[in-house]
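The two complexes that follow have chain A in common; it is paired with chain B in the first and with chain C in the second.
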Partner chain A sequence: MTDVNLYDIIRGPLLKFALFVFFAGISYRFFRVLLLGLPEDYAKPKGNPLTKALEKLALKPTQGWRFFMEVFAHRGIQYVGGFLFHIGFLGLTFFVPQHSFLWKEILGFELPYMPQLVADILAYSALLSLIALTVHRVFNPVLKLLTGKDEYFANILIGTIIFTGLLASRWSGGGLYVWALNLHMLSAVILIAYIPFSRLSHFVYYFLSVFFYGWNVGKRGVSF
Partner chain B sequence: MTLRVEHKEEITQREVETFYNFCKSSVNTEVASYLEACVRCGLCAEACLFYMGENISGKIDPTLTPAYKADLLRDIYKENYTLLGRVKKLLGFGVKITSEKLREQVKLAFYTCTMCDRCTKVCPMGIDTPRLVSIVRGALTQAGLVPEDLAEATNTAIEKGSPLGVDVPTFLSRIDFISDEWEVEIPVDRKADYLYIPSSIELMKYPSSVASTAKVLNKAGVSWTVSTKAHEATNFGLFTQSREVTRELLRRILEGAKELGIKTIIAPECGHAYQSMRFVAPNVFPREWDMEVLNVVEFIYKMVKEGRLTLPKRVIDKITLHDPCQIGRRGGVLKEPREILKLLAQDFKDSVEFPEKNICCGGGGGVVVEHEADYHRQKAFLAKAELFDKAGVKDVACYCANCMLALSKSSQELGRDYRFISLVDLVAESIEEEEG
Partner chain C sequence: MITLSQIFKEKGYSRRDFLKFATLTTAMLGLPPAMFPKVVHALETKPKPVVIWLEFQDCAGCSESFIRSTTVMPTEVLLDFISLEYHETLMAPAGYYAEESKREAIEKYRGKYILVVEGSATPEGVYCTVGGHSNYELLKEASEHAGAIVAVGSCACWGGIPKAEPSPTGAKPVYEVLRGKKVVNIPGCPPIGDVMVATIVHFLALGKLPPLDSLGRPRTFYGQTIHDRCYRRAFYNAGRFAESFDDEKARNGYCLYKLGCKGPITRNACPTIRWNGGLSFPIQSGHPCFGCSEPDFWDRGFIYRPLSVVEGGFSSKEIATGIAVGALAGAGIAWINRKLRGGK
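The block that comes next holds the complex of A and B.
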């Protein structure tokens, strides 16, 4: 099989299959949890639960900074690394120039894309952050206890995607280009299909978990 | 069948199955969302007073991480509610629960978690770990694995009406004593608008709090009473997470209050008492529980705001505040004690940048009665003491007798010289000085 044949398979049926698994899996997981139901709460709320739930959905990720001295001081690497990684990975997925044609195919229109220099900076910072976060997971006793195969596999997979993306767009010339691109696309396809089975699906549960958190904050009449 | 909670030494397959089934049946949308949302970041550890206390001593115990405390529950959830989990179980890779594993759960859920809710505030996903720990506690209780001291106190509460064994004759004699000693009128079993229910810790260990509350109520000029039927505010059903015990103890309060035509219950300086009556009772008795519930500090603040109570005298120089988690962070009474203290103290120094950040006493959730948890409680106190030291204050106002007990105990055991003072005592002092 030539590199171009493989490219066609990955871009064609494999990507379609992965996207199907992703959407079906994520929808199943979201609705399965949603349909479990809730008991009625008859206690009169002290504040406004719905307002707080919506407020927290927008603000919760930033509120860890309020515990700066005790949490940030011990886990700065997670805050800074986590922020850079998320910004980088999401920014690259949706707004990197090389992906614009892909989104046009999927969505029917082209997404705005960032200058190549910004994309490069995001890619390097996301990759370095991911490495730092993984090393931190290995050595920090708390993270070591909490981390399973799922986290390491996901980190390696995402690292491969970013690294091969950089390789394809920046470093490899000539015949190696398609192989680097194939590896990049293949790891991305595996990731897309893997998300519903892993903790990477946390972006779906963020909306449920933080909604309940905010609701309880409003019910109890506290601000935070 | 007599209502009791059990402390079993031996763990057999039956206990394991009971634990497992309780966890499985406790899952709903909210619980599943929390279980699924955890990204294993472990930031919650840095907010947990038990983990912090160990850290201050130069040690790291990763098992004290709140996320870890819900891990067995998470595993049980996964193999019953997720596709991958079900497949794993089918292939024989399901959750294996040994007796050691269950014993570890007792340590994690009962000895090293006060369900203070601080970890929730730090969690980027807003996971309510106390909610998850409460399920683990409930499952352990159902399996008969309640820590010995806690089981004893809970059963005494069921049998005699109070965890400290305060039955009706003892209650009446304590009320008589307090009335005489502090020269304050305390109406008993009268038809009234307000029902004040003390906790037995106050009655037996901090009687001045009861006298002070009586003085405040008399001064505010409201129609109030105490009740022989509803004479105990604490609810050990919440500590053990036994629905049956919670219901039984609340039923006594409901019946006592209904008999006297009560409109508002005044919960004492007791965290779980407020939590149980304000947020749990309406769900246990959705039709019958139609009374308003105010914590005594909320009541005082309301009276001050309405001009029915004035606190013109400052009765203490420099003081800080300890917030009981179940009244403060989980109960929403955070502004009121601060506003009151500003009127009572020359120099009120808050020990935290924002009220929800305050640290638990280390003895909440029943931890103070469990002697097996003494080591962890003392370690946790180190985190608390750091706050007092940073504020440079030795006097600490409290609005929970259980917190006062735990803080005083730990402070004494560790040779510290902080003074823990009831907030209502300060209010009463101010009223008396004004009258004087």
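The block that comes next holds the complex of A and C.
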């Protein structure tokens, strides 16, 4: 099998399969959580649960800054690294030109794409943040206990995607260039299919858990 | 014995022209400068190479390209330089006499002639029959005592358009038909004429084939992607893309990736050697590369769509199907848990 044959397989049947698994898997887990079945709560709510749940969905990321100094002093690497990583990875996923062309096919409209210089800055900051966060996980005694194979696998996968993406856009590579593209797309395909079965699915659960948290805050009539 | 040097003289070209040709060929082949005297010596002393050119399932575009290899040498010199003992499109004789002269050439130059094959072969059936012999028989006969076998064009190298789905004739590339024999592949639709000539000159000057990659292509010409050597690469790196054919961005040299350019996965020398005497190549003319020198390019089927999209498409319909399947499975399992396992 040549590198071009492999490329055709990855961006054809493999990518299609991975996307299908992604949407089916995310939907499956979403409904599993939604229909989990909580016990009936007969207490009369002290506030408005729905309003508070929606407020938390919209504003929770900004409300956390009230405790910024307190939390930042203890978890600076996580805050800064996490912020840079998420901005970088999400920005690259949606707004790099080549990805924008892919999203056009899936969504039906083209997302605006960023200049390559911005993409490069995001890629380097996301990659360095990912490395810093991984090292932090290894050496922080509490995080170390919370971290399993799932996190390490996901981090390696995402690191490979960003690194090979940088190679694909910047590197010449001679005859090996197609292999860099293959590695980039293959690791992305694995990640897409892996997301629903890993903690990376927090990008869906985050909204569910924040909604649930807001609902409870509203029910108790408190602000946090 | 006629040599290239003599042919240059006879045609009225100076020794300076001859040395220019030798310098250019040495450079094109990627040989070190120290090899230049050896190339010159070979071209001055060795007899002109004997070529038997067979055409099977093809469009004769590779022959057209071959006789227009103007960067390397003038066409009139080229046609004299290479002793084309047999070429259905270019030779004057026809019928029985043509076939007889081919057989004589095979006997006379046994083990020395270069067999060039254009077009794909068909081991089954009676396609491209000449003088009552199928192309498969003709290929076997001519390859038996060939000094070197060169497949030119994507049809001969990979099967090409005749092999594209549904491949009605059962077309096969030359290397598959001649298993066990070394075949040099010079793919492209058509390949660059200068690349064909330079490969023959390498065989003539050094007595061996040029270094080949895993697919049998000369590394000098097929060692890098078009993307790597493309003059529009800087615009790719800057994230600037033409939106449509011949729009202002395309005319200003913006990258043609969005219009379906396959340069990043295609290995060929188009951006460096170019066509028509180094005048231009498809990307320079505003058309994206469609990867004609890579195997099965015709069946890839997305000539004008960017490389990064899903081949075969993935739209909202597939997304909705996936979400519905997941929702049904999730709701079903949740119902089973509630009813049968008490929520556990």
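Criterion: the second predicted complex is superposed on the first by the 218 of 224 C-alpha atoms of A that agree within 3 Å, B and C clash if a C-alpha of one lies under 4 Å from a C-alpha of the other, contacts with A are read in each partner's own complex, and residues count from 1 in each chain.
We adopt the following convention: a residue touches a chain if its C-beta (ideal position, glycine included) is under 8 Å from a C-beta of that chain, and two chains touch if they have at least 3 such contacts.
Predicted, not measured: the structure shown is a model, and the values here were computed from it.
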Do chain B and chain C fit side by side on chain A in the superposed arrangement, or is it a clash?
fit
First, second, both or neither for A:His99, with chain B first and chain C second:
second
State whether A:Arg29 touches chain B only (first), chain C only (second), both chains, or neither.
both
Scan A:Arg11 for contacts with chain B and chain C and give back first, second, both or neither.
second
After the superposition, just quote the angle formed at chain A by chain B and chain C, using C-alpha centres and rounding to the nearest 10°.
170
Which of chain B and chain C A:Tyr177 touches, first, second, both or neither:
second
State whether A:Pro112 touches chain B only (first), chain C only (second), both chains, or neither.
neither
Just chain B (first), just chain C (second), both, or neither: which does A:His202 touch?
first
Quick check on the superposed pair: does A:Thr147 touch chain B, chain C, both, or neither? Answer first, second, both or neither.
first
Just to confirm the geometry: in the superposition, how small does the C-alpha gap between chain B and chain C get, in angstrom?
5
Identify the overlap between the chain B-contacting and the chain C-contacting residues of chain A.
28-29, 32, 34-37
Touching residues of chain A toward chain C in the complex: what are they?
2-5, 7-8, 11-13, 15-16, 19-32, 34-37, 96-99, 101-102, 104-108, 113-117, 119, 168-170, 172-175, 177-178, 181
Chain C - residues contacting chain A, complex
213-215, 219, 223-225, 227-228, 236-239, 241, 257-258, 264-265, 267, 291, 294-296, 300, 306-316, 318-319, 321-327, 329-331, 333-335, 337-338, 343
Within their complex, state which residues of chain B touch chain A.
27-30, 32-34, 36-43, 45-47, 52, 60, 62-63, 65, 67-68, 81-84, 120-122, 124-128, 278-283, 286, 289, 329-332, 334, 353-357
In the complex with chain B, residue positions of chain A that touch it
28-29, 32-44, 46-47, 56, 60-61, 63-64, 66-67, 70-71, 74-75, 78, 82, 140-148, 151, 197, 199, 201-202, 205-206, 208-214, 216, 219-224
